[in-house]
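Structures incoming, each one as structure tokens.
In the two complexes below, chain A is the common chain; its partner is chain B in one and chain C in the other.
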Partner chain A sequence: MAAAAIAALTVFAILFLWVESETAVAGLVLAAAVVVVIGGRLGWLGQVQAAFGQHETLLNGGVIVAVLAITAFFYRDHFALLMVATVLLYILACLGLTIQFGYAGILNFSGAAFFGIGAYTAAVLTAHTLVPHLLVLLAGGAVAALIGSMLIYPVLRTRGHYAAVVTIAFALLFKTFLEVNDVLGGPQGLAVANMNLFGWDFGQGVELGPLEASFILNYVLLASLLVIIGMLLVKRLERSWIGLDMDAIRLDETASACFGIDPARWKITAFTLGNFLAGVAGALYGMMLAFIAPNNFTFADGLIMVSIVLLGGIGNPWGVVVAAGIVIILPEKLQVIQEYRFLLFAATVILILRFRPGGLLPRGLRQYFPGQPT
Partner chain B sequence: MSPAPLLRSTRLTRRFGGVVALKDLDLEVHQGEILGLIGPNGSGKTTFFNVVTGIYPASAGRVEFDGRDMTRLSPQQVYRAGIARTFQRSRLCLPLSIFDNLMVGNHARLDHGLAFNLFRRRAFRAQFEANYAAARELVMLFDPPLANRLFEAVSDIPMIDRRRIEVCRALISRPKLLLLDEPSAGMTQEETRQFMDDVLTVRARMADLTIVIIEHEMNVIERITERCVVLNYGRKIAEGSYREVATDRQVQEAYLGLE
Partner chain C sequence: MDFALLGQFVVNGLMLGMMYALVAVGFTLFFGVLDVIKFSHGDVLTVGAFAGLTTWLGLVAIGITSPWLQVGAVVLVATALMALLGALIAQFLVLPLKAAPPLNTLLATLMLGTVLRESVRIFYPDGANPKPFPALLPTDAFSFGNFTLRVDSAILLLAGLAVIVLVHALINRTKLGLAIRAVAQDAETAQTMGINFTVVVLITFAIGSALAAFAGVMNGLYYNEINFGMGLLLGVIGFSSAIVGGLGNIYGAILGGFLFAALQTIGAVALPFASAYKDVFAFAVVIAIMAWRPTGLIAEAESERV
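Then we have the complex of A and B:
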């Protein structure tokens, strides 16, 4: 059952990335919607969910195989691979937001700003230093976490929506700062060197025997690896006392304090960790694009990240995977809606919050271990 | 003379702007007793709990617990010193499982280090198993069937079970003093009676547990407390056994008004 679901999704993703005409894309979207609705009625979705709950390793392995299959299918297609890699990097950044918002309850609208800090860090470090590129990724995360720590004090002093306002202010500030800052290229932006891992140049096409694959394949592979690490981190965090502490402070700060939990400690941890993931994702994103500008990291992009988390299911990393795919790829394939995408996302988020507050894949109860006593 | 009280407040005062919620309150709780804290709505009972547990700082006066000055401690420090409480409106984490909620109360016995939680999964598993066993054992005292449902969401269980879980959450850290803030709220008389049976059973098992209970149901107070303190407008107006305070003229006036 679970394997069939993954296979079906893979084929669907390939078809979706493959078709060109907008009518076909719209048809696929409709078909998917019909299948989901009917599947829900017939109880298939519940069965799939239960199957995944029981066979987690299968789920993890299956999804990795699926991503590889999609990548292999489009090995020469720059555009399709670019979308796959972008989705993967957005997943990584949104996993960061999941820790912040889904667990600790800090709604961060400046996810794109921290993503951008990672990208700009990569630009500066690759242009002016000889820092090995693997470290550049970590540095992107570290700088994002560090700059994020400037926000910690106001975020801790405020609660709920007010903390969110602090992050909105930061997102707007960040873009303006980039635009007026000539050292960082101003509105024109900066060039970023391609990733080079111990002599493996990501800017070159990959030769696989007689076949030559797009250079973006490199980025897809590295991004997949990073997403796997990020997923592992988020999952382990959730399945630990720390995940519990974060849930507790999100749900009731005062009661948690009466049981010894220190809300400040876990908010700082969640905020820093989340920004770190966004920064790492941004650093690789910058290298992949080879050129970055303030317009890549606007407040609107931060909104998109938040809507991915909401749409997928707050606090469920698998929800992020599904929602990132939908939110990133759909407007690219359906150029008709490109112009209205914010309108559509806003409407979707409102509908989700109204009719299915748990998102597409609502988060379940915490399982500390697969197959623990229930 | 009896030994030093477990909890003592001296001239404890708490103001909210111009409102004096607690006024020069002298109160002693002795080791091992069940003390009832009663009084009309707004008489300062819950404020007393909130000041003792560090949610509100005291405006003046002093709180001592177990021979230590506790007046300026944070809620976290108060918890570690051995005071646990329940809340008037049940304040469990509804979307989380029963087990999760119990582990919130068990904070002091769990390892919260990043490295331990993320990388030492085997050690974590051992800690999980040990605490799962402890949680089961505790819930078993209250309601054996409930002990088999620890991984169900709290939002799915009835009010009386939520109250039980709330008390278990407070008891699992083995506090010296348990503060119960109106546990009968939202329950039927029959449920309240069952619940109080549970509390008495548990107390019989935990010999040196001291309890302060805020309650409006006078038959509950009569049944389970050994001593009562009556508050009105933030002041103590009477103290003694239930029978003594129930016949006290000032207490009757506070509840029924002047004739």
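Then we have the complex of A and C:
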């Protein structure tokens, strides 16, 4: 059951990335909606979910195979691969937001800003230093976490909507700052060097015997690796006592403090770790695009990240995967209807929120033993 | 710094502050009755400004040329239409989401803002480009030495002030205002006292949205140009102002609005770095204020129930 579901999803993703005419795109979206509705009525969705819960290893392996299959299918298509890589990097950044928001309950609207800090760090480091590029990725995350630490004090002191305004103000501040300063290229932006991993230049196409693949394939592979690490981290974190503490803090700070959990400690940990992940994702994103500008990291992009977390089902890493795919790829594929794409996208999100307020894949109860009924 | 330039900056800052305060009062009213943030507020402002422009075009088309009549009609139509729009949003989007987590409402209204913005861009004739807004108010100027105060600026400031005073009186002096405050304080108890919850919420959303429309028309009359994206930043700044002042408090919203404009003005003229950094400065101070007063400058009276 689980394997069949993954296979079906893979075929669907390939088809969706492949088709170009508007009737085909619309047809696929409609078909997916019909399948989901009918599947929901017949109880398939529940069975699939249960199957995934029981065979988690199969799910993990299956999804990796699926990503590889999609990548292999489009090995020469720059645009499709670019979308796959973008989705993967957004997943990584949104996993960071999941730690912050899904577990510790810190709402962060400036995810795109930390993403951007990573990208700009990569630009500066690759242009002016000889730091190995793998370290540049880590440095991107570290700088994002460091700059994010300036927000820790206000974030810890504020709650709810008041906390939201701190990160909203930071997101706007960051973009304005990038636009007006001269050192970081101003509104025109900066060039970023290509990733070079121990002499493996990511800017070159990959030659596999007679086949020459797009250079973005390199980035897809590295981004997949990073997402796998990120997923492992988030899953382990959720299962561990740290995740349990964070859940307790999110649900009731006062009560958890009474039981000896230090809310400040875990909130700081979650916030820093989340920004680190966003920064790493941003660093690789910058290298992939080769050119970054303030307009890549606006407040609106931060909102897109929040919508991914929310649509996926807050706190569920798999939800992030599904929602990132929808949120990033759908507007791009709707390009055939150009003008109306943001309109339709926004309307879709409203409908999902209106009729499925828990998100597409709501987070289930914590499962300590795979296969056990919860 | 000579007196004339300073005066110009003060007038400009006051004008911005007035617009921010009008938007912020809307946010704070919505939050008061329903504990929600309606993020489409900024885009309601845009739609209001465009409704005003359309009204003006209509008036010109049927041959009404008296500028005062035009201003009156533009303001009236824009505020009335946006009041209606605000009530519709409340009825069909915000109230049905009442039971959902507050973040869902925030995101849904944010997306509604996108829908409104994109609709203006796509469906308004040539909506993707900035539109000239007519200068309907007299443009004579008083001179005080080097400093000239334009009559239209003075009128706009006075009108804004009048609207704020009016809303304040409405909230604090009328029976309707009493109902709004009652719902804000405790919706359930208010209902047991015979207050129609839904009607009060709808009216509050209508009032707030009308204020946004007024700010939009004001913006158009002052800058003589409107565009489809103008509401986004105004909305975010209005939201920040409402928060900095303290949500649910109308004085806080006004204070926050003028404070934000003052910060921008100070950042532009009085600080040793380039004036382009004024927004960076203003937002940095907002973050600092939130660290200092976590529930806004004028804190909510109610303490957290454990």
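Quick note on the criterion: the second predicted complex is superposed on the first by the 350 of 374 C-alpha atoms of A that agree within 3 Å, B and C clash if a C-alpha of one lies under 4 Å from a C-alpha of the other, contacts with A are read in each partner's own complex, and residues count from 1 in each chain.
One rule holds for everything that comes next: a contact is a pair of C-beta atoms (placed from the backbone, for glycine too) under 8 Å apart; a residue touches a chain by one contact, two chains touch by 3 or more.
The model shown is predicted, which means the values in this text are computed figures rather than measured ones.
Q: Kindly classify A:Ala169 by the partners it touches after superposition: chain B alone (first), chain C alone (second), both, or neither?
A: The second partner, chain C, only.
Q: Going by the contact rule stated at the top, is it chain B or chain C that touches a larger number of residues on chain A?
A: So, of the two partners, C touches more residues of chain A.
Q: For A:Leu244 in the superposed arrangement: first (chain B), second (chain C), both or neither?
A: Once the two structures are laid over each other on A, A:Leu244 reaches chain B alone.
Q: Pick one for A:Arg236: touches chain B only (first), chain C only (second), both, or neither.
A: Once the two structures are laid over each other on A, A:Arg236 reaches chain B alone.
Q: For A:Asp262 in the superposed arrangement: first (chain B), second (chain C), both or neither?
A: After superposing on A, A:Asp262 lies in contact with chain B but is clear of chain C.
Q: Regarding the shared-chain residue A:Leu365, is it in contact with chain B (first), chain C (second), both, or neither?
A: Touch partner of A:Leu365: chain B, not chain C.
Q: Just checking: does A:Thr254 make contact with chain B only, chain C only, both, or neither of them? Give me first, second, both or neither.
A: both
Q: Touching chain B in one complex and chain C in the other: list those residues of chain A.
A: 254
Q: Could you list, by residue number, the parts of chain A that touch chain C in their complex?
A: Per the stated touch rule, the residues are 107, 151, 153-154, 157-162, 164-166, 168-170, 172-173, 176-177, 179-180, 254, 299, 303, 306-307, 310, 339-340, 342-343, 345-347, 349-350, 353-354, 357.
Q: Would you tell me which residues of chain C are touching chain A in their complex?
A: Touch residues, chain C against chain A: 31, 37, 93, 96-97, 100-104, 106-108, 110-112, 114-115, 118-119, 122, 236, 239-240, 243-244, 247, 274, 276-277, 279-280, 283-284, 286-288, 290-291, 294-296, 306.
Q: Chain B touches which residues of chain A in the complex?
A: Its residues touching chain B are 233, 236-237, 240-242, 244-245, 247-248, 251-252, 254-262, 269, 365-369, 372-374.
Q: In their shared complex, at which residues does chain B touch chain A?
A: Listed in rising order, the residues of chain B that touch chain A are 53-55, 74-76, 78-80, 84-85, 87, 91, 93-97, 100, 103-105, 107-108, 110-112, 114, 117-118, 121, 124-125, 128, 132, 150-153, 169, 173.
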